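Chain lettering (A, B and C) follows the sequence in which the chains are written, and residue indices restart at 1 in each chain.
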Amino acid sequence: MPFVPHTPDDVSAMLATIGASSIDELFDEIPTGLLIDRLEGVPAGLGEQAITRLMHARASRLPARLCFLGAGAYEHHIPAAVWELATRGEFYSAYTPYQAEASQGTLQVTWEYQSMMASLTGLDVSNASLYDGATAFAEACLMAVRANRSGRPRRILVSRYLHPAWLDVARTIVAGQQIELCELPARDGRSDAAALAGIDAAGYCALAVQQPNFLGALEPVDELARWARHQGLLVIGACNPVALAILKPPGEWGDEGADIACGEGQPLGIPLSGGGPYFGYMTCRQSLVRQMPGRIVGRTLDRDGRPGFTLTLQAREQHIRRSRSTSNICTNQGLMVTAATIYLSLLGAEGLRRVALRCHANTRRLVDALTALPGVSLLADGFFHEVVFGLDQPVAPLLEKLAGRGIVGGLDVSAQFPEFGHALLVCATETRTPEDIALYARTLGELLAPSAESREHDA
Amino acid sequence: MSEIPEGLQYSRTHEWLREEADGSLSCGITDHAQSALGDLVFVELPAPGRKVTAGEAFATVESTKAASDVYAPVSGEVAAVNDALEADPGLVNSSPYGEGWLLRIKPAAPAAGLLDAAAYRAELDSAGD
Amino acid sequence: MMPEPLIFEQSRPGRRSPGHAPAEADESRGLPEDALRSSAPLLPEVSELQVVRHFTRLSQKNFSIDTHFYPLGSCTMKYNPRACNRLAMLPGFLGAHPLEPVDNLQGLLECLWELQEMLKAVTGMKAVSLTPMAGAQGELAGVAMIRAWHLARGDGERREIIVPDAAHGTNPATATMCGCDVVEIRTGRDGDVDLEALRQAVGPRTAGIMLTNPSTLGVFERQITEIAAIVHEAGGLLYYDGANLNAILGRVLPAAMGFDVVHINLHKTFSTPHGGGGPGAGIVAVGEHLEPFLPVPVVAREEDGRFVLHGQAQRPNSIGQLSAFMGNTGILLRAYVYMRMLGAEGMRRVADHATLNANYLLARLAAGGFRPAWPGRRASHEFSLSLQDIAREAGVNAMDFAKALLDRGFHAPTTYFPLLVPECLLIEPTETETLETLDAFADALLAIRAEALQDPASVRNAPVTLPVSRLDDVRAARQLDLRWQPLAGEPE
């Protein structure tokens, strides 16, 4: 079912115009040894009815369950209008807006998005998005190194509790460019501001910190930003955009603010969707705009003096600079950005603030309920909507049993962060109800009990 | 037909040099170069004090369609840059040999291999200008 | 068409779209005061109906495949079947958290594993990683794997990537990102790579060559076997940029042409949506020798039929992770549905009809007086015209033609790419267009040509029927206006 419309008569007429006797003849410039007669290893085509049945069966393998897992991807309520609008064919099936006059819809949406993200992060300018939070962070590292004109080493100080997958991605992407990511001293689940005095800042060109960090804890961003700026380092702030509805934006950290903000845009109206597509956002100070990777939309005038939108600063990009461009990126996550702009329009500042506050209140509720259980302790206070609990027994078997009872109980981070012993990372967004949280606490309590007893028995 | 004033020295990569009273050399891009690039939107200049070697890319000029390197026509030290271009890069288009100058160089050695106006004109003509 | 006010200009203090957020604001108990924001972000305060109208109206200012013929060369703007979107957006896929127990994800992973298998089949390669999130990321993965392979052989000096002058700009940009030097080689007079230039370019520092075939010039590189031999003999590897796979799908396997690593833009050949500029998916496929270096995660099937994700632990030589989780999963699902609907025979017909349509348009336009960039060559699934003659004669350039097409209800072809064709239009009709549409497009281009000769000023003035006329790019770049800022007295 290849969606080709031609009738046999169409094909004959077209071949006659071309002056060819068959479609095969159109491939006559290809050396015959390279041509194959049939494609092996691909099954026969399915009609829409059959593929619909197959996909419903596959989708139904995801069981009904309660999810307390975050770790960089968060379940939020998405208003129905978001994807009804974003999947309109005029957005969904449009190309990159290179022909500006025929793309004013996409361009205006993107410009509105840039305005919203700049304000949310407290910085001057935003690009049109990058692939995801991890790649936005990697690109922020590359950007910081590019912007470093004072000949400092290509080394970046990074907080220990920045998302580990983002660090992996950043290392993959900067691997070819002799850039080193070095760990900031940490204590109690966050960067240790008191240890900054012992660092020789001249050995680095930038400092990067995530707020809240991977473990959900609030970082001492003011102290970090103040120290780094004072030492002449650029500051990269990686932030959860929903948290920014209530948390101090990176542009206001310390005395002068961060220089670059980046992060995962998924919480802004993008479904979990097995890990993607999401989008990465990036904003920065005006003075760094020419170092920023990715597309940027600007407002200008047309020949008749009417305002309109167009891609701008394109001389930074690969199709002009080729091997000397700021990045090889030639896409943004346009459709995701469209959805996020609609989401932010529907929520507004007050709606987003309430979502953020409810996330925090629910997590506080979860902390109260779980720490009432024997053998469960809160490892660090001062969190947004995710926390690490220390347990008195291995986490993995517990998570398995919880899954058996319809609860995705969080992420086992014991191996990644051995300093916490048996450590469980848990998140509660605004989508969890008091009943959900009570059920989680009750179920975990039941699963913990035998183990506590057996230990007493052993003793 | 682009403007090629007498009395300047020209490079094959379309930079010009003019000797100033203090012995420094003013440097810019030629009328031909600015016209080929189109309206400039950004000029990136090196920091004063930087040592440059003849032939080294030491500045960038950007239009909406192209980003082009500017090559040092002579070795030396950057003595001054034209700060007015930050606010108005279009000066390079409107006045490539005047207000649109890029920078001044304190030469470390005499310039070599440059062309006079007639030779530069011949160069452009042979390239089909 | 009326201008659509900015969403910020439609905002009124205190207006809300209730029902999307909690009815009351909870306390911020436990959040330290100095961590909090002091002023609200500038987001609009509007009703749901205002939002729906605003974004609906904005959508109507776009050209799209669903509304217009979109013959954008090298972009493969084919129909995006509705079923692909609907089935990828089933709640059982949308609701899946990427880190939840793998037992919960079996349906999703089965689709992805089968997608890997089908991609192996259409490339002839031995292994696939689905994680790259766009063509440019696939390129990055590919070049990084080539580097890793040389390094693993103790051949770290190989840092040169050869790229034809006609290549897409991402090729050299990627090579630079991977710490390689770019060596550009010229195209010969007939549109094929200049073999002599290639022989001189290869050597002990050659890491590999990046090629698109059919090339970005819209012709099949006939000497591909010789090119592969030259590069392999010099110790380098061949990278296939799959941007133009639509032209040879089911007819030629990239592996058979001698390529070692391939990326495929699923948003081109396999019809996932372009979404106004992404998301895409740029999967990579490799021969056996490069398999250890594939980016992770990779979907694997265990002996009991269970599907799992293999990460760095199972693949210690991997170049690493390229996304926080597992790439643009939802896009991969759309490609999976599309490929299952096409089947093996359908895929072959894609290449057949894409090629038929391109050659038909070329024949009609050449007969009408347009000059093919490569006279005497077959078109692949696309072809380039040079408008240099008419630009000289009438002072109407390729961009003017592009804008005039917009006025006639057609999206413009790719203009000024590849750069080595003067005044270039690169035209790719794809296989999903009817003969009537192709004829209407050819008629429009011929009519514009006639108009250019009679009344060039009117063509240079296009477009006149769209929401805006030509925009001032110079002003946009000189007086950067990148975000909304409330004027004094305007509601915030």
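In this text, a contact is a pair of C-beta atoms (placed from the backbone, for glycine too) under 8 Å apart; a residue touches a chain by one contact, two chains touch by 3 or more.
Since the model is a prediction, treat every value here as computed from it, not as a measurement.
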Chain-level touch network, classified as line, ring, star, complete or other: complete
Two chains sharing the most contacts, counting C-beta pairs only: A-C
Most distant chain from chain A, judged by the mean position of its C-alpha atoms: B
Chain whose Cα mean lies nearest the overall Cα mean: C
Chain centre separation in whole Å, for chain C relative to chain B (CA means): 38
Cα-centroid distance, chain A relative to chain C, in whole angstrom: 21
Centre distance in Å when chain A and chain B are each reduced to the mean of their C-alpha atoms: 44
Residues of chain A touching at least two other chains: 312, 315, 320-321, 324
Shared interface positions of chain B, touching two or more other chains: 41-42, 62-64
Residues of chain C engaged with two or more neighbouring chains: 473, 476-477
Partner chain B, residues of chain C touching it in the complex: 473-474, 476-478
Residue ranges of chain B touching chain A (in the complex, touch as defined): 41-42, 44, 47, 62-67
Of chain B, residues touching chain C in the complex: 39, 41-42, 62-64, 89-90
In the complex with chain B, residue positions of chain A that touch it: 149, 290, 312, 314-316, 320-321, 324
